[in-house]
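Before anything else, here is the set of structures, which you'll find just below.
The two complexes that follow have chain A in common; it is paired with chain B in the first and with chain C in the second.
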Partner chain A sequence: MTAAGISLRPGPATARRMARVAAAGRLLRLELKRNAVPYVLPLLAAAFYFDTVRTADGFPPVWTLRASVIGDHMLFEFSAFAAGLAAWAGSRERRRKTLDMAATTPRAAWARLSVTLAGTLCWLLLALLAGVAVLYIQTALQATWGGPPLWPVFVGAAGVTAVTMIGFTCGVVFPGRFTAPLVAIGVLVLYQTGLRQALGVTSSSGTYALLSPANAPPSVDAGVYYHLAPDVPITQVMFMGGIAIALLGVLGLVAALRQPASAGGLRSLRAALARSDGWLLRGVAVILVACGVAASWTAFALAGTAKPDATGGWQIPALHSAASDHPMPVTQDCTSSGFGVCVHPAFSFYLHDLAAALDPVAAEIAGLPGAPTRAEEVASVSGGQDVQSGISGNPPVFEFTAERVGSMFGQFYGIPDPVGWREGFQQGLLDAFLTGRPPHAGTVPIQLGAAQQAVEDALLTTAGTNLSATIGTMLQNGQPVAGPPAAVSAAHRFATLSAGARHAWLAAHLAALRTGKITLAQIP
Partner chain B sequence: MTTAEIVRPPAAPAGTTRRIPAGIRLTWLHLRSRRVPAGVLGLAVCGGVLRVALHWHWAFNSGPYAQQLPMIIEAGAAAVIVVAAHSLFGETERSAGRWLPYLRLFAAAGMCGLAIALLQLGAAGEGLNEGVLVLSRNVIGITGIGLLCSLVTGGLLAWTLPMGYLVFCQYALLQAWTAPWTWPVRPPADRGAWICACAVFTAGLLLFTIRGPRTFLSDPS
Partner chain C sequence: MNIEISGVTRRFGRNLAVAGVDVEIGPGVFGLLGPNGAGKTTLLRMMATVITPSAGTLRLLGRDPVRYEPRREIRRRLGYLPQNLGYYPGFTVVEFVEYFALLKQVPPARVAAAVAAAVERVDLGGKARAKLRTLSGGMLRRVGIAQAIVNEPGLLLLDEPTAGLDPEQRVAFRGLLRDLGQRATVVVSTHLVEDVGAACTEVALMDAGKIVFHGTPAELTARGEGTTTAGDAPLERGYSAVLLESRS
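Presenting the complex of A and B:
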């Protein structure tokens, strides 16, 4: 033996530590091999495809919107299986009747259970991250601006971890054949109840429901004009992480609490806690429970202080950073010819469709007083209120948002009906032009009078939009209703005029038309 | 002490001398071996949760979300029924007599009927979206899926496929699917949905009756 060989050999303490780590690694590997989760992965993958992927495909490729399906859909399907399978894994020792045999091993019950839990959790988190990767890669291939948001992933991982801990603890404490399905159903009921409360949350009704990871999809341009404040995701992660940590501590106490449960009485409980063996583990477990409860309680209290912010989200004053209230500097994508149309780069895939829709209508009104020279997309929320489209500035610019154009909303969520989509933008532009209303915050959309509606219908017809089925229709309470025959007749009359005559009449009567002083009979 | 005293069987304890018909005793033992009493308790819990959810407005009153929470609870009841299909005795029980298929049939069908009754009891007096018809159809259909699943996975894991179907139907609800095999989405009197749900239940019940849930050597005894 050489001196070099002696110096390289690990000391007894190091060797013991390495052996312990190696043993834990082997146990985890065994657990990963024998876990039930991989057998359910095909079913989970099918649910993920049908629910999450197809829902995300229905959204435009905007990162924030696509990432919202992690909490709204993915967590739902993962909760169903994570809770049930974790309960199944947690009740294994009792189900296999190996409780007494396993109790003779030289490791604490907590360590034994932790390995089983770690194996289950590893599989579930791996599946979650694989799903997120699929979702994000698909979005990355289609998105024209921005990058993957990480907070939804953290919230999803915290949710899966909390649900797994709930299921596992229930499996350990109440081992039985009905535990797994009942825990899975219980978690889903909690999820849906949280969603129900979150959808109706207002600052006056209490904001605790913001702790629910499930919520309505954000507005289509959320995170596009302003940074998304991470306040709410932070409290959600803190809340669910606190639950997970507290339940991990409960698992440590379960072994000690089982014996007094069989003996009965508070005296036995005190005796179990006062036993000298394993006091360190029990102490750590109690500290974990305390830390978990404190974290969850803090998150709960923080959620109660939330208030609406100027960008349409929620801010929690104790966590809020003023930097996220500033708009993000960005150069808009614009068309280079014809009527100028500018949109945020996140929506540049709509640019040519939008220009094709607005060009003919803009040509019909070009040169008239107040006619816009270009159209520009702006943020859909300002000062906490929805922004309605309108014309402002000098030279005049038609400003619209991704959410609202005229009386239409959700225009940038996709183009399910190309004709209706095109018509919506054209109407929005003419609504603003014929009323002369500037963009404004609030919920009241532009309403046209009968003469204005007739002129709009005529201009749309001459711009190439087929209004034969809808000409003369008016909106009442958001529903299209047949307009009076006089309006239909006036629209037809005006549409049959030559372009020059229409233009001349509008130039002369536009101011009166905007103020509502023109009647249907006065339209040539 | 004489030999006769030793050979004589001990006197039966008081209260056990009454003869119980063998059929009833067999049925009771079958139900107990499947933990059916605990399963009935589970079904009652489902009914209670449904009542609480409806009473405290945990569910939406209308719209595509309105059916979600009742459907989850109905799927829970169906999962309880199919998990109760698991036998403690496995293969050995199959050679014990000819009544086993009938017992399986009546246990599953009876629990299904009981589940519908308990859930309806839970919803009584509250505004259950789409009413008892959709509730019954969901319980029947999802139980059929679970019974079919038990032929492959065994009774203890037979809840997994109903969970998968439940998750899929959540998507179908929000997307307003109209295919009859997504019966939770269809209106109460929809004939196609009823045919699909009943066909799945009948197929599941028949195969379950004939073959029984799959048993594994590693099944707990």
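Presenting the complex of A and C:
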């Protein structure tokens, strides 16, 4: 065949296919242009700002933590709007009494409804992605390490798609002007109070609740020291995607069966089902329902096998990759002068504040046996257990976790307390030094004896922390309580000693102080 | 014949809306007359493939609308204006007609021209970009007619098309009907007998679900001659005479 013999014109089948695509594109353009979603976007944007954005502002600029608001807050707001707007769109033909006109067109009801659905879903997903972009751009401007995680976005998109499908199906099946607000309220209530319980109520392990995208924020360093395993997001996407696919199939069946069912009761329905025409449509719908149910059921079953992993998250054995459990290689950011402080680069935004807090305290104890020569941030979870700060190694190193970094933020929930934040790190260092405890696993923090507490208060005072309000306080069951007057008196006495005298006394009595053999009366 | 109806019955629960109608309709404008509740709209909805008959057979454009693929073929060549016209208030005139043109599978390349032609034919060219919520009842009725004719249907079913139109528009619409009747089968359901007299070549009168008269408007007029039945115009007297006779 010569080049001249090759026809550049599309064949009849190709032309028909192109015409169908072009027609669907034009219908979608009309649906996008006249959709109700843009009218509600300002309201959605306000809810997004006052809840999602301000909550994210309260978190440190760590990607995983900031991205957690997509499932926990953003999806909550979007769900109510998405379900209500989709129900409004789904009920349109009946509400507006155009069903008879539309039903006399050759385009299948399923195709017609799908275009309306696609218009609504496109707007909602665009709104979601715009919201994610705002969150991620804000985080990118503040974060010092890492990049935007994509799984929360997939979960958010799957969640919006699922609730849109639920709302739209409700609108098609129960058309009416009250359907949209009722569906929106129903989804809101389900999401707020019932979803986690509904998912967890039949379980023996309780891990079915992991299918809900609304979960408590992860630890502050999740996804920092270890890869965040995608096991749970995969099951969530599978679960919600399955619901969406099944409901798309239901829409095909509702549309296919409505006409004969409404035409003349059961006899007419049986007659319609017996006819061979239209089986292709119904067959595809049934396959979609079956695939969707299978995907959701598989996700449900997988969630039941979840177990805690070594990094503080959840693993699902069938989906888990062992590579997620290995620590991520990273070079820490360190201060170069004074008391050396090193943190993960994800937290380098607070490195200099932290060094400024620890420097004076470290200077007070410098040279004493077991006094740390530097401080190093470590993962807050190891082997599946929380890590408590402590001192270890030779030369000694104060190992601390980043959980207090969160106290630097939280403008939305309360004014941050810089003094409390600074004091928290200083106390952590002195707690470890005065007890000689190495870093250890478990949830119980270090508890000081009366003499140790008095010495710590005195050292904090001399390091420049204003302890007038808290001096003499002790921790009892983790709660600060006023210490006995003798403790307050001892702390004052020790704080008024000269630096040399304090140092000399500590050098002589540190071992006894650590073992709890020093009484308040013995403090000079 | 473009419409062949044989023994068609339609029930809604215990209510018999259409009771064994037999009629054949060829090209031209066919008027379906009758009082309120006679079954005109139900018969028209069956012809429009919106609902199926409870009994009897129906063939449209030579095809069986009960079967899926022939039904689609019929619908490609069908135009339907329902009695209660629904519309999307946010759409413009052009968008609404375009929406139905696309649903009727008018080839995308021809949609713009078909929409413009339909809008012009109902004399709404000046309101093409107006939102439907801003239009009067008569204009909305014309939008409904535009969507019905946008695919140049072979079978056009119009239920009370002149309701809400002013006298000038009704005159223009009758002209449009006669024009459409040159190329297609047009069935007009109405209870306004003057519309039938002016535009229809054939007429049927329904009462209590049955066709009680089938003929030309002149034959219907003749049925009223020499009677004392109510009516200002000859056709109205024929209409009243047939109804009186069928009920006696």
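One rule holds for everything that comes next: the second predicted complex is superposed on the first by the 479 of 524 C-alpha atoms of A that agree within 3 Å, B and C clash if a C-alpha of one lies under 4 Å from a C-alpha of the other, contacts with A are read in each partner's own complex, and residues count from 1 in each chain.
Criterion: a residue touches a chain if its C-beta (ideal position, glycine included) is under 8 Å from a C-beta of that chain, and two chains touch if they have at least 3 such contacts.
Please read these numbers as outputs of a predicted model, since none were measured by experiment.
By the touch criterion defined above, A:165 lies against neither chain B nor chain C after alignment on the C-alpha atoms of chain A. Of the two partner chains placed by the overlay, only chain C lies in contact with A:30; chain B stays clear of it. By the document's definition of touching, both partners, chain B and chain C, reach A:97.
Look at A:67: by the touch rule set out above, it reaches neither chain B nor chain C. In the superposed model, A:76 lies in contact with chain B only, and not with chain C. In the superposition on chain A, A:192 makes contact with chain B only, not with chain C.
Using the contact criterion defined above for the overlaid structures, shared-chain residue A:84 touches chain B, although it does not reach chain C. Once the two complexes are laid over each other on the shared chain, residue contacts for A:182 go to chain B alone; chain C is not touched. In the superposed model, A:47 lies in contact with chain B only, and not with chain C.
Residues 96-97 of chain A contact both chain B in one complex and chain C in the other. The part of chain C that touches chain A in the complex is made up of residues 11, 45, 48-52, 54, 66-69, 71-73, 75-76, 78, 80-82, 84-88, 90-91, 95, 98-100, 102-105, 107-109, 111, 144, 147. Within the complex formed with chain B, the chain A residues making contact are 36, 40, 43-44, 46-47, 50-51, 54-55, 73, 76-77, 80-81, 84, 88, 95-97, 176-178, 180-182, 184-185, 188-189, 192-193, 195-196.
Those residues of chain A that touch chain C in the shared complex are 19, 22-23, 26-27, 30, 33-34, 92-93, 96-107, 112, 259-260, 262-264, 268, 275, 277-278. Those residues of chain B that touch chain A in the complex are listed here as 35, 38-39, 42, 45-46, 49, 53, 57-60, 65, 68-69, 72-73, 75-76, 79-80, 83-84, 86, 155-157, 159-161, 163-164, 166-168, 170-171, 174-175, 218, 220-221.
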